[in-house]
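Right, I'll just put the structure down here and ask away after.
Just so it is clear, A, B, C, D, E and F label the chains in written order, and each chain counts residues from 1 on its own.
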Amino acid sequence: MGQLQNFTKGFIRENPVFVLLLGLCPALGVTTSAFNGLGMGLATTFVLVSSNIVVSLIKNLIPTKVRIPSFIVVIASFVTITELVMEAFLPALFEALGLFIPLIVVNCLVMGRAEAFASKNNTWSAIIDGLGMGLGFAFALTILGGLREILGAGEIFGWSIFAGDGMLVFVLAPGAFIGLGYLVALNNIVKKKLDQNA
Amino acid sequence: MVMTLVIVAVAASFTLATVYNFTKGPIELAREAARQEAIGKVLPDFDELRTEYIMPVTGRDSLEFNLAYKDGQLVGVAVATYTAMGYSGRIRAMVGFTPGGEIIDVVHLEHAETPGLGDKIEKDKSDWSDQFQGFDPREETLKIKQDGGNIDAITAATITARAYCDAIDRAFQTFDANHPNLINKEKE
Amino acid sequence: MGGVHPPENKFAEKRSVERLEPPKSVAIPLSQHLGAPAKAVVGKGDKVQAGQLIAKGEAFISANIHASVSGTVAKIDGVIDASGYRKKAILINVEGDEWAEGIERDESLIEDSNLTAEEIIKKVYDKGIVGMGGATFPSHVKLKVPKGKKAEYLIINGVECEPCLTADHRLMMEKGQEIMVGASLQMKALGVDKAIIGIENNKPDAIAHLSKIAAGYPGISVEPLKVKYPQGAEKQLIKALVNREVPSGKLPIEVGCVVHNVGTAFAVYEAVQKNKPLIERVVTVSGSSVKKPSNFMVRIGTPVAELIEAAGGLPDDTGKVVNGGPMMGKALNDLNVPVTKGTSGILIFTEKESSRPPEQNCIRCARCLTICPMGLEPYLLSSLAEKQRFQDCEDERIMDCMECGSCLYICPSGKPLLDHIRVGKNRVGQMIRERSG
Amino acid sequence: MTEFLNEITLFSVISLGAIGGVAAIVLYMVAQKFKVIEDPRIDKVEELLPGANCGGCGLAGCRALAEAIVKAESLEGFNCPPGGNDVMQDIAKAMGWEAGEKTPMIAVVRCNGTREFAPPKVRYEGLMTCAFAHSLFAGEGGCPYGCLGCGDCVEACNFDAMYMDQETGLPVILDDKCVACGACVKECPRNIIEMRKKGKKDRRIFVSCINEEKGGLARKNCKVACIGCGRCVKECKFDAISMENNLAYIDFEKCTLCRKCPPVCPTNAIHELNFPPRKQKAEKAAAKEKEPGE
Amino acid sequence: MEYIIIIIGAVFVNNIVLAQFLGICPYLGVSARVSTSVGMSGAVMFVMTLATLVTFLIFHYILVPLNIEYLQTISYILVVASLVQMVEIILKKVSPALYQALGIFLPLIVTNCAILGVTILSVREDFGFNLLEGVVFAVGNALGFALTIILFAGIREHLDLMDVPKGMRGAPAALVVAGILALAFMGFANLV
Amino acid sequence: MKALTVSGSPHFHTEQSVSKIMYGVVFSLVPAMLVSFYFFGLPAILITLTAVVSCMAFEFIIQKYLIKGPLTIFDGSAMITGVLLAFNVPANLPFGLVVIGSAVAIGMGKMTFGGLGKNPFNPALVGRVFLMISFPVQMTTYPEPTAFTTKLTDAVTGPTPLTIIKDGVGRGESISSLMMQIPDYMNLMMGNLGGSVGEISAIALILGGIYMLLRKIISWHTPVAFLGSAAAFSAIFWLIQPEVYPDPVFHLFTGGLMLGAIYMATDYATSPMAPRGMILFGVGCGLLTIIIRLFGAYPEGVAFSILIMNAFVPLINRAFKPKRFGEEVKNG
């Protein structure tokens, strides 16, 4: 698989949210708006890439028995760094994402990639993989956030699309599940079309 | 095996401590900036600010009273208040009073109310909270109309509106109870 | 519990039993009963007399087969029977109507018998008597109470709950005395002193007639029953008459009952008192467009086509011909199949009556579950079988299903419940056999 | 730099180090106490298997096969149809064993009773599965051996290697997709499908009928049934064809794919697959012979 | 009464899965069968209670006094990870059947936000829980998780027998079910 | 003679069919419909029509273009969903919202899972709750019942009895003083009270229920258990504190309790199959309804409680099987 494919697969074919169904909690929890989704996606990308780099660097130094705990510590460190930096410089976003920032640490996506990819590949591939997956994650969150924002509030990135209130459900918890459900279905269809063309 | 883990943990905590030390300053700055901004919104021009903490008439935690002076004159008091009656979790707000006790304005500091319903207390979501501007709690009652007060509730979010009134009322009651003290301070 | 009320359509209810002459040739299948096929004891070219043993049931569960006509054995070959498959049968060209020695053919009633239980059972076995209620289970096996068990009741099944069929009804009307004697013999064989004849309320004449006769036979009583399909099924009948439930996977003897059809009781009478083997039986030929719905006494092996001819011929709008009742019978794909010991009726459906309604989604109306006389969940069993989840089928007790067809009858969305369940039962049965080695 | 070495750093390092240390030690002790010995090779083998869990190996899924292989300490008698030889070689390599070559096999449908050759005589209504139709009667065409055409086998195939030909009403197997898992063979209630050697260049010759009835009877229901006339048996120089119960059977181990038998079959019951077209002359002769007589 | 309110709040009103969006991965992943979801619930309950107990102590007796709350995330995850591994090892020995059923999902508890989320929430300032309340809170959330996942598994088993349209089969239908379930649970709004 | 047909037994089939059952339900809804048309006038008629037409239209579109399966829009089930959805909203709901509700009910509530009989949740209630959460203002502004009117706008709106009680109790007023503000029980039974289109007349709904019982469309278990447990549970609270909790009769005849118990909790697809399961289901619904009415944020809890209990149905079906024949051997 070429590096380019390694990078692009995260968007549709192996989209972490739509296809792999990983990292769903933040995907549902913070996507009340496209902006929050994007912010969360980028924060996760940062953690993913950084921890991929470190894991691929230290993979040979760690005995297998404590591999997972060590990786977790690495990931947790980057999460804490993100937390601290965001609180210092982007306090509004920090407020909005709330609990879900520390929870990046348990995002199955991050751990999964560290385990399955970074610990077996060289640093360069790990970076590409992390970027691809991370951006795919951000892509999914932005779309879901956008959908919920449009339907729920009649806005997108804060820009008004139609006047009046939207359907409140989409801002609330059920809307997240429902929106994601139909997006996954849609992604399946798109993926099938792509596969047919390929 | 144990050693590796300890080493990783130590290395990680060292790195983190470094980052923490770096960001500690900016984080405090950001928090302070937010507070200042809120105070600025609910008070007229001032050149000096004194902060003290006063136990409220009701409630577990103390309130933060920011006494604002211009040319040595008390021009207003910004009270950071809270309520636990919100629809989900605590609501915190900054209420500005004139020295006489009239409300200058109210802004929210923190809340977890439902977007689209309870979040109408935010100034940029709705102008609902503008009705507090110039409200005199001595003349009128700081309660929603359903409860026999003078405040219009938020449609379909009565609970939030009631809670917001509760927070503001807590600030006012405490302000009122400590009124002589606060005015006296100005004379010192 | 459960049960349905399909339209009764008993067109031939009032038609007395007519005796049909033997046809030109008969085909007598070697497997007319539940259990192992009988072994032929005659060969091509042999001359046989009516009532002569032509195949011997040697296995534990098997039954003797006798020539139903006199003539020459043409060949022993595969003949399509009601199963739709070719099965081994003895084909006999009919020549005259000579009967084997010792068989009494006159109609006079012989009431007394001084045979012991063993001798009765031996006769029942010798004369190839099998259950006439549909399952064709060799009757002598049922009459031998297993060690450690005790029979308390003989139950005579005169329910005839299947719509359209009237063979048992006519038999009860015309051979009441004989049935009583047969039942008494069965009681003796079983060593019980109580026999109950269960008859549904839609046959008031039969209830009245038999009640009157039963007065003269100690221990035998007649019980009228509510009209409900499948009241005639063994376990349901026991429940209705003596309020006992036969446990899942167990035989009626578990609760001290043995059930025999009225036809069986009559056959037992004939075998024991008249030495007559089971070589003819009553068959109802009926259907909404049949010219002359009838009840015929016919020789085993007669082609079904001849019965239809005798009932006025095959109507033009025929869509389906069913061997047995409309609820449990088998659709025939060939009209030359022979009448066997288990053939209780030949029903002719018009084209309109013979299609099933189109299948729709199950609406989960719970009708199937409410009416299932075994307390099963047909909708669930059928979906599980459809999804090939046979282990789950077994856990849901699919093997308890007696294939009465009530569920498929009642389902408003036309789901082929019983079809799925049958496939499931087959596979589960296979699983169970594999498991036990 | 020193300004960052303040007490925060110190406390952080000490407490986190301690938490990590305590956690590790506790874990280590628990691990010692509750040790479960499981052969790590099972995981290794399982990883190499395709993970389709199709059951083609005859065991309950891939993990079961892995366990069985490791237990047996050899690959003898194990086969993973979807994975094929490659996987077996891989496992052998990983385990340090030898793997025997397996002859590639493929499923073939031994019925040619198309709607044309075996026209329907009755109308079937009800559940469209072969299993049920089989339990009910001989089939619309009347042949008690022939294909019922409801496609249970197609349904059973996990590899999309089969489809129902709507025109003929018979299933068709796709050479390049069938992995010889045998699911269809198991599924067919009439045992019509047989697993045969794939043959050189995918070429196969077989009798496309399993009807054991006598010639006349068989012919009555289906024009292309094997009538047990025995001409092919005589024709075969390699003793590959046997005759039992009025039915010819070609042993694929003995058959050399010489193509002599198909033309002599009077009912055209012998099929040849993936051969180049016959030469003109032979074809003519064959065509004359083969014309199914009424 | 206090404890009952905490539990009702956690189970119905602020259900961890349906309202807080925590632990969605196992919620979708391990809910295909009722039996496995019961096992998973048990594991989550055990780990969640234990983890909250330990992290509560760590937070209040190590992090707060030393002024290093910012290490919350990293220290918590260490504790959770080791706890899960311990449960895994013990389960493998004590109940191989359950271990087999949960299979790869036990390690997934580590990367399950429900556990970490609840441990962090239980020391949130505005709840002001004491130790016992914190633990009850954890139990309540675990019960909430159990309730939803078992209900959900029941519905998914039911859907298994239905022919859901191709495009919606699997995850999409499951997510819509979760959405409707969340809609229904809104009826509990403000119950406590 | 044509070819004989071969099929498995039985060869008889009931006269009942899906559409006969469904249209039977529609027929039984007619009295309630007439009462609501009387009290709410033209708007109620239009709302009902809109909902029915749009439900059937959405079912058609989805079956034809998305699922590409057989068309079943005339089996009557979409019509029931439409009628019941309309019955569950205020008569002055904007038509756009009715259409959205129908789309959600049919699209999300039903067709997502494959259509008739496969949906785990009651479609009409999914539509209603979706609207309730999305448009709380419009969904809680009820017109006052009047004699027949053709006016489409400017209906006088007012609180429903349940809202009066909920708000009043919230303010700390006593039940007896609040009861003065609501119609007497006779009027409540007839349907002269504020509320959703079809829920108002208990008498008409009970009439429809009796018709369905007689035609064996539904069994008594669910409605009786639902109403009984709601009455029993509310009675407990009422007996303890009659000034804080209204009496059971009030509960029975206000809000959607009758509509829910007779029509929505009995929906085949989303309720248990076995009688004992139905009873448990009904009791659960009644209990939750009263809990939500007395302690929750919403004045009415029928819709939520039925939806919540819908989620329990698969588990109930597992736990409460019909009594298997021969299970308990009672030899006597």
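Everything that follows uses one rule, which is that contacts are C-beta pairs under 8 Å (C-beta built on N, C-alpha and C of every residue); 3 or more make two chains touch, one makes a residue touch a chain.
Note that the coordinates shown come from a computational prediction; the quantities given were computed from them, not determined experimentally.
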Contacting chain C as well as chain E are chains D, F
Which of A-E and B-E has more C-beta contact pairs: A-E
Chain separated most widely from chain C, comparing mean CA positions: B
Measuring between Cα centroids, what's the chain most distant from chain F? D
Whole-Å gap separating chain D and chain E, where each centre is the average of the chain's CA atoms: 44
Rounded to the nearest whole Å, what is the centre-to-centre distance of chain B and chain D, using the mean of the C-alpha atoms as each centre? 73
Suppose each chain is reduced to the average of its Cα coordinates; what separation in Å results between chain A and chain B? 34
Measure off the straight-line distance from the CA centroid of chain D to the CA centroid of chain F, and report it in whole Å. 53
Residues touching two or more other chains, restricted to chain D: which are they? 8, 12, 15-16, 19-20, 23-24, 121-122, 125-127, 132, 136-137
Quick check: what residues of chain A touch more than one other chain, meaning two or more? 66, 69, 73, 76-77, 80, 84, 165-166, 168-169, 172, 174, 178
At least two other chains touched by the same residue of chain E: list those residues. 68, 70-71, 74, 78, 81-82, 85, 167-168, 172-173, 176, 179-180, 183, 186, 190
Listing every touching pair of chains gives A-B, A-D, A-E, A-F, B-D, B-E, B-F, C-D, C-E, C-F, D-E, D-F, E-F
Show me the residue ranges of chain F that touch chain A in the complex, using the header's touch definition. 100, 108, 130, 133-136
Where on chain D does chain C make contact in their complex? 121-122, 125-127, 129, 131-132, 135-138, 142, 144, 213
Partner chain D, residues of chain C touching it in the complex: 78, 80, 83-86, 330-331, 333, 355-356, 416, 419-420, 422-423, 426-427
Could you pull out which chain D residues touch chain E in their complex? 8, 11-12, 15-16, 19-20, 23-24, 26-27, 30-31, 34-36
Along chain C, where are the residues that touch chain F in the complex? 1, 4, 6-7, 84, 163, 235, 239, 243-248, 250, 255-256, 314, 316, 318-322, 324, 326-333, 335, 347, 349, 351, 353-357, 360-367, 369-370, 372-377, 379, 397, 400, 403, 405-406, 408-414, 416, 418-419, 422
